[in-house]
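Chain lettering (A, B, C and D) follows the sequence in which the chains are written, and residue indices restart at 1 in each chain.
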Amino acid sequence: MKNGKLIHDSVHGTIQLDEWMVRIVDTPEFQRLRRIKQLGFADLVYPGAHHTRFEHSIGSMQVARHLSSDETVLAASLLHDIGHTPFSHSGEKIIQKYLRKEHEDIEHIIKNSSINDVLHDLGLKVKRIVKAVKEPPVSSVIDVDRIDYLLRDSHHTGVAYGVVDFGRLIEKIRFDGERVYVEHGGVRAVESFLISRYMMYSAVYHHHVCRIARKMFERAVEFLIENGEIEAEDLLRMDDYDAIAVLRSSEGFPCETVRRLDERRLFKRAVYAERDEIETSVERIDAGKAEREIAEMAGVEVENVIVDIPKEESSEYTVPVLVDSEFIPMERVSPLVSSLKQAQISGWRLGVYCPREHLDKVRKASFDYFSIRMSKQKRLSDLLEL
Amino acid sequence: MKNGKLIHDSVHGTIQLDEWMVRIVDTPEFQRLRRIKQLGFADLVYPGAHHTRFEHSIGSMQVARHLSSDETVLAASLLHDIGHTPFSHSGEKIIQKYLRKEHEDIEHIIKNSSINDVLHDLGLKVKRIVKAVKEPPVSSVIDVDRIDYLLRDSHHTGVAYGVVDFGRLIEKIRFDGERVYVEHGGVRAVESFLISRYMMYSAVYHHHVCRIARKMFERAVEFLIENGEIEAEDLLRMDDYDAIAVLRSSEGFPCETVRRLDERRLFKRAVYAERDEIETSVERIDAGKAEREIAEMAGVEVENVIVDIPKEESSEYTVPVLVDSEFIPMERVSPLVSSLKQAQISGWRLGVYCPREHLDKVRKASFDYFSIRMSKQKRLSDLLEL
Amino acid sequence: MKNGKLIHDSVHGTIQLDEWMVRIVDTPEFQRLRRIKQLGFADLVYPGAHHTRFEHSIGSMQVARHLSSDETVLAASLLHDIGHTPFSHSGEKIIQKYLRKEHEDIEHIIKNSSINDVLHDLGLKVKRIVKAVKEPPVSSVIDVDRIDYLLRDSHHTGVAYGVVDFGRLIEKIRFDGERVYVEHGGVRAVESFLISRYMMYSAVYHHHVCRIARKMFERAVEFLIENGEIEAEDLLRMDDYDAIAVLRSSEGFPCETVRRLDERRLFKRAVYAERDEIETSVERIDAGKAEREIAEMAGVEVENVIVDIPKEESSEYTVPVLVDSEFIPMERVSPLVSSLKQAQISGWRLGVYCPREHLDKVRKASFDYFSIRMSKQKRLSDLLEL
Amino acid sequence: MKNGKLIHDSVHGTIQLDEWMVRIVDTPEFQRLRRIKQLGFADLVYPGAHHTRFEHSIGSMQVARHLSSDETVLAASLLHDIGHTPFSHSGEKIIQKYLRKEHEDIEHIIKNSSINDVLHDLGLKVKRIVKAVKEPPVSSVIDVDRIDYLLRDSHHTGVAYGVVDFGRLIEKIRFDGERVYVEHGGVRAVESFLISRYMMYSAVYHHHVCRIARKMFERAVEFLIENGEIEAEDLLRMDDYDAIAVLRSSEGFPCETVRRLDERRLFKRAVYAERDEIETSVERIDAGKAEREIAEMAGVEVENVIVDIPKEESSEYTVPVLVDSEFIPMERVSPLVSSLKQAQISGWRLGVYCPREHLDKVRKASFDYFSIRMSKQKRLSDLLEL
C-alpha cells in the first residue's frame, strides 16, 4: 500500500489503487480516458452527465474486487474500456464499419501502447486480460461494467438515483469462476438493480435527444473520414478535445454540426414509432438505405435525415438466481422483473430525425416509407415525456 | 411564527408548526399518537420500524401544505389518524366488527376530547374537518397520507429508500380543489412513487411475518373483549403501552400470545397460495368460518389457526395524469405502471398460519378445505423470499 | 449460512447473522432489547427517535466484523448492551446508586439468563466476553459501539445525517488486537466522524429537553424504589412497557410524572449556565444536595427541582492516528478536531429545571446558590437554540 | 409554463425554466458555459469533478428563487458567471492582469453578445442586472452563488456530501432586499453549511494538486499571450475545448504543459509552509518577483518555479443571524463557527511548486528566500494529507 494511491470516487467513496494498478492508470493511454465522456452528449439533456470512462474504469475494478481477487480479472476490469473513441458510444458504429472492431477488442490497442510494457513488467499476460474483458465477471448479464455504469450514470444524471442499494447487491451476487449469479436473499436487491436499469434506459440511454446528438456527431465524424481528413484508426488515440478541435477546424457539414451541438440546435423528432405501428419488419430495415430513400422522397439532402433503430437489449432480465442447486433466470422468479421486460419492449421506438425546417416533409416521407399507422394513445405518452 | 414550533422530522427535515397547529398537537389525544406504532409489529421483521402515527400525522400535514393552504385541509391531515387503535392497523378489524367504524370515522373521537374545544376556539368546524379526512387531498388514489407513509415507512424499514424523489413528485402533483392529479412532466416521478409502493407492499405491508404478528395480536385482543376484560371502545383511548400491559396482566391465551410476540415465537406459514392455485372462489371465503373448519379438520384448537386473505388494493395505479385538458389514468399512460399492476396481482397470497408443531396437520386440512394445487415454480419463488 | 438469518437494518442494509449469532439473538433476554429505546425520551424532541438497543446491538456487531473476526469480540459487541434498563441511560444512575453497577457490568445478567447456556453450547467463555465488552474494539475512544450509535442516532433524529461516510471510515480504521487507530489517509473520515459526534452532542445527547425528560423519569423510578414498589434489580429484567405500566399503575408523584411525560408537560429550564458564569467550582457540586437546598430556598417541594450537571466527555478527540510508526492523537493532527474540542467545552451547560409555575423562584434561588452571573452574549445563543 | 423547459439537475432535481429564462439560456454565449468546467483541473484529484458553469448558473437561479421573485435578481443569478474564462478560476488572474477586470464584470460581455438583444426584448435592463450580480442575494457572505457551488462541488467530488441539509438551510435564510441573513432556528443549518465549506476548502479548493494544475495552466496561457499567439480578450469567448486546442497546437512550453496536464505529470510541492514558519511578512510578498529570484538562486528556468499564495477568505463566518431585531455574526453566536475560523487560519499554506527533478534545489532556495523554519508537527500533518 505504501506506493499505492487513493482515488476519491463520487460513487464508491475512497478507492485504494494497489501499486501495480497505479502503474497501469499512470500510462498516457489510460489517462486519455479522463477526457472521454462516459455518456457522450447526454449532458445536453442531463447537464450533470460529464463523467468519463476514467472514473468508470476504476469504479468497475472496485466492483470487481468484491467478486474476485484474480489480478487478471482486476486488470481486465480496469482496461475494458481502453478501446473507446471520443464521446464513447458515439464512435462505436464508425469503428465497427471501418475497422470491423468492437470497443471490447483491445488487443491491438494494448500491444501498440505503453500499457503493453507495464503489463509485461507486472507479469500479467495481455492475451489473458484481453480474453477476460469479454467474460464474466467483467462482461455478463450482470457484471462489474454494468453495475458501475448504472450507479455512476444515475449519480450524474439524477435519474433513478438511490434505487439500487449497492451494499446489499454486492453482498448477494457471487462469481463462481464461471458465471455471476444471485444468491438466496438477493432477489430484491437485483430487482432494484433492474428497476434502475429500466428507468435509466427509458430516461437516458434511449432518450431521443441523447440519440439525436450522438447520431449527429457520428455522421459528422464519418464525413471527415469519407473525405480523408482523418483515418478511422485515429479515433482510437483521440480524446473528446481532439474530436471537437478537428470538427471545429473543418469546413462545411462537420463544422456546421459541431456548431449545432455547441449551440444546442439539434435535429428534431419527425417520427417516433412503436414496433406495432410499423408495417415493415423492423429487423430487415437498413438504416442507411432508409435515410437515402426518405431524403430523396422528402426532397432534402441525405445529411438531413437520421434513421435510428435502437438495439433491443433484454438479456439482463435473465440474471441467474441460485435456488437450491439450480440456476433460474430472474424473469421467471420475479413477477416484477418479468413485467419490466414487457414494459421495456413496449417502450421501444424507431426514430427519424431532421432539422426543424424539414420536419413535415421528412415525417410524411417516413410514414410512407415504413408504412406507419400511429395510435392516439401513443401520441399521448410521447407528449408526456420529459 | 413567534408562538409556533419547529419539529425535527426524520423525513421532511424541519417542519414549522403554526401556533394553531401547536394547540391541536399539544392535546393529550394527539400526544397519544406518539405511542402508537405506525407499522404495528413490523419491527419484528424490520427492526428499525418503530415510527409512530405522531410523526406520520405531522408529516402528512407537511405534505398537504404543498397542495393546499386551506386550514380545514391542514387540520384534517393532522387529525386523520386520531382514530387509530394500539399498533395501528392491528386493531382495525376489531373496531369494524364491534363498533362498526373505520379508523377514518373520527367525529365521535373529536367530540369527546379536548380537541373539540381547541377546534372551536380556533374557529374550525369539526364537521368540515371530519368530511375532509375522507376526501382529496387527504384521501385519494394519491394523497398526502400515502405520500407521507410511503416515504416514512421506507426510511424506517430501509426498503425502497431513496426510490421516490419527493421534491420532484411534490412539484408535479396538483390539487385542483377536487382531485389530486399529475402534471405534464411528472410521469416519471409518479412512476417512482408507484415502484416504491409496489416494493413496500411486497416486502413490508404484505410480508407474511408482519401479517402473522398482526393477526396474533388482533386475536388476543378480541379474546379480551369477548371475555369482558376490556371494551372495544377502550381501544380508542389506549396506546401501545396500555395494550401490552393489559395483555401481560391477563391469563391464558392473550398472555401466552404477548409472550410469543415478545420472544418472537410466532406462528408459521402452513399455506401460502396464489389465487390460481385455489379452486374455491377467493371472494366468497369467510375467514372466520374457514379457521373454525380447518381447526376441526386438523384436530387443533381454533386459536391455533389463522386464515389471512389480504385485500387487493390497486387503485393507486389509476392516478390521473393531465394531458392537454384530459385526465388519463397512469396505468394507461405508463407501460411500467401497467406492468407493476400485473406484478402486484400475481404477488397476492392467501395465508394459513399456525404454531410450528401443528404445521403438517393444518397444511393438509387447508389444502383440502380450499382445494389447493401448488406449482413447483411458486414454491421456488416462496423459497427465495427475504 | 444455511441456518443463519438476514436482518434488514435501516443503517447497514442487510446484515447476515451466522447461525451461532441467531441462537444468542433468539434468547428472551436479547429479544427484550427490542423494547428498550436507544435514546430514552429523545423522541419528545426528535419524533423519529424510537430505535432500540436491539438494532444497535446487531449493528455494533456488524461494525465489529470490519475490524475483527474473533467470535469473542463479535459476541461481546452483540451483548454489550444487555445490561441496559428501560429507556436506556435513563436508568443508569439508579443502577449505579443502588446496585453499584454500570450497564457494562453484564456478567451477573448473563449468568442468570438463558444466554449462559447458549454461550456454553457454542463453546464461548462468558468471562472472556464480559472482559471484551470493556476493551477495544468494543469499547475505546473510537469503537464499534460509538460508530454504530452515532450513525443510527443520526439516521433516526435527522441530525448530522450523511456527515459520516461510513464506507470511508471503516476502510481506514484498524484494530491491531490492542487499540483501534486511524490509518494514513483516514484523517478526513475521522474528522467527519467527530464533526457528526459534536453535532449530535449539542443537538441531541445534551439537548436540555432530552435531559429534562430523562431526569424526570429517573426521579419517578427512584421514588418507586425508595417506596418499596419495585427493587432496583427488577429494572434489569424490565422493558419500556413494564416501566410505563408500573408508573401508570402507581399513585402520586410517579404517576403524575408519567402523565407529564405522556402529555409532554415537562419541567422548564430555570437556569442554563456556562462554566464561566458559575463562581462555585463545578467539580465539587453535589447535585442531590443542591436540589434540596435550592428547593428549600425557593420554598418548593424537592421533587420540583432538578439539577443537571452533564459529564464532560472529550476522549474521542484523542483517536490515535498512525503516522510512520507513531500514534498521534487526532486533536494534535487536525486543526479542525482541536477546534471542535474547544467548541464542545464552551457548549457545556449546568441546568436547573422545574415546573413552569416555579420558574422565577427556582431561578432566583439557583443564581444565589451557585453564584451565577449571566452574560448577554450567552443569553443570545440560548435564545437561538432549536 | 407551456413554453418553459424542465432541466434535470443532479443537485436540485427538476428545475423549471420559465420561457424568458429559456431565451437567455438558449443564447450561444450561455451555452458556452456548458463547456467550462466549474472546478478547472480538480478532476485530476477528484475524478468526478467535471461539472460546468452551465449547471451552476442554472442552479444558482434555482436557489435565488427561494429568496426572491425579482426578475432582475433571477437574471443576474443566471448570468453571474458569463464572464468566466476556460477552466473557470484558472484564467482569473490573467483577466485581472491584462484586462483589469474580474469575472463579475460582465457588462461588456453582455453588450457584445446576443444576450443583450434578448434582455432588451424581455424588458430587462442590462445595467440593473450587471449591478445585481455584485449585490445580495447573488453576492454576499452567504449567497445563491456560494450555496449552489458548495452543494454542487460536494456532489461531484464526494467531499462533505450530505453535510448541508439544503431544505433546512433554504427555509431559514431570508433576503430582506438588502442583506441575506439567518432566521431564528437556522443556526444549526448554517453551521453545517460552514462545516461543509471548511471541508471543501481544505480538501478541494486549496488542495495543493488542484492549485498546482491551475497555476500550470495559467502560466501556459500567459505564455501564449506574451508571445502574441492569442489576445487576453479571446479567453472571454473561448471554452475549455478551444483552450486545450490552442495549447496543443502551440510549440514549446505551452504544448509541454498541456501534455503534462494530460498525462498527469504535474509539478511537485517543494515547500508548503504555515504562516508562522515564514519570517517574511506574507502580505508583502510579490509572487512573480519571488519566482524569478528563487529560480535564479536555484539555477533553473523561471517557468519551473510556481509560488502560490492563497487568499484568505473568512467573511462567510460573519453570516448575520437575526436575534430579536439585531443582526449578530455567526462566529459570535456559534462556538463551532468561531472554531472553524481558527481551524481555517491554521490550515493556510504558502506553496512553492516545481518539476520533480528540481525539488531539492528549489526547496533550498525557497527556504532561504522566505526564511522558513519548519516544525516537526507540521510535517506530520502534511504527510497525512489525502
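Rule of thumb we're sticking to: a residue touches a chain if its C-beta (ideal position, glycine included) is under 8 Å from a C-beta of that chain, and two chains touch if they have at least 3 such contacts.
These numbers come from a predicted model, not from an experiment.
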Partner chains shared by chain B and chain C (touch criterion as defined above)
A, D
Count the touching C-beta pairs: is A-C or A-B ahead?
A-B
Taking the mean of the C-alpha atoms as each chain's centre, how many Å separate chain A from chain C?
50
Return the distance between the CA-based centres of chain A and chain B, expressed in whole Å.
42
So chain C residues touching two or more other chains come to 6, 13, 159, 165, 185, 386
Tell me, which parts of chain D touch chain A in their complex?
6-11, 13, 26, 28, 31-32, 34-35, 37, 43-48, 50-52, 54-55, 58, 155-159, 240-242, 244-245, 248-249, 262-264, 386
State the interface residues of chain B toward chain A in the complex, per the touch definition above.
159-163, 165, 184-185, 187-188, 191-192, 195, 198-199, 202-203, 321, 323-324, 328, 332-336, 338-340, 342-343, 346-347, 377, 380-381, 383-386
Write out the stretch or stretches of chain C touching chain A in their complex.
6, 12-14, 16, 165, 167-168, 171-172, 185, 189
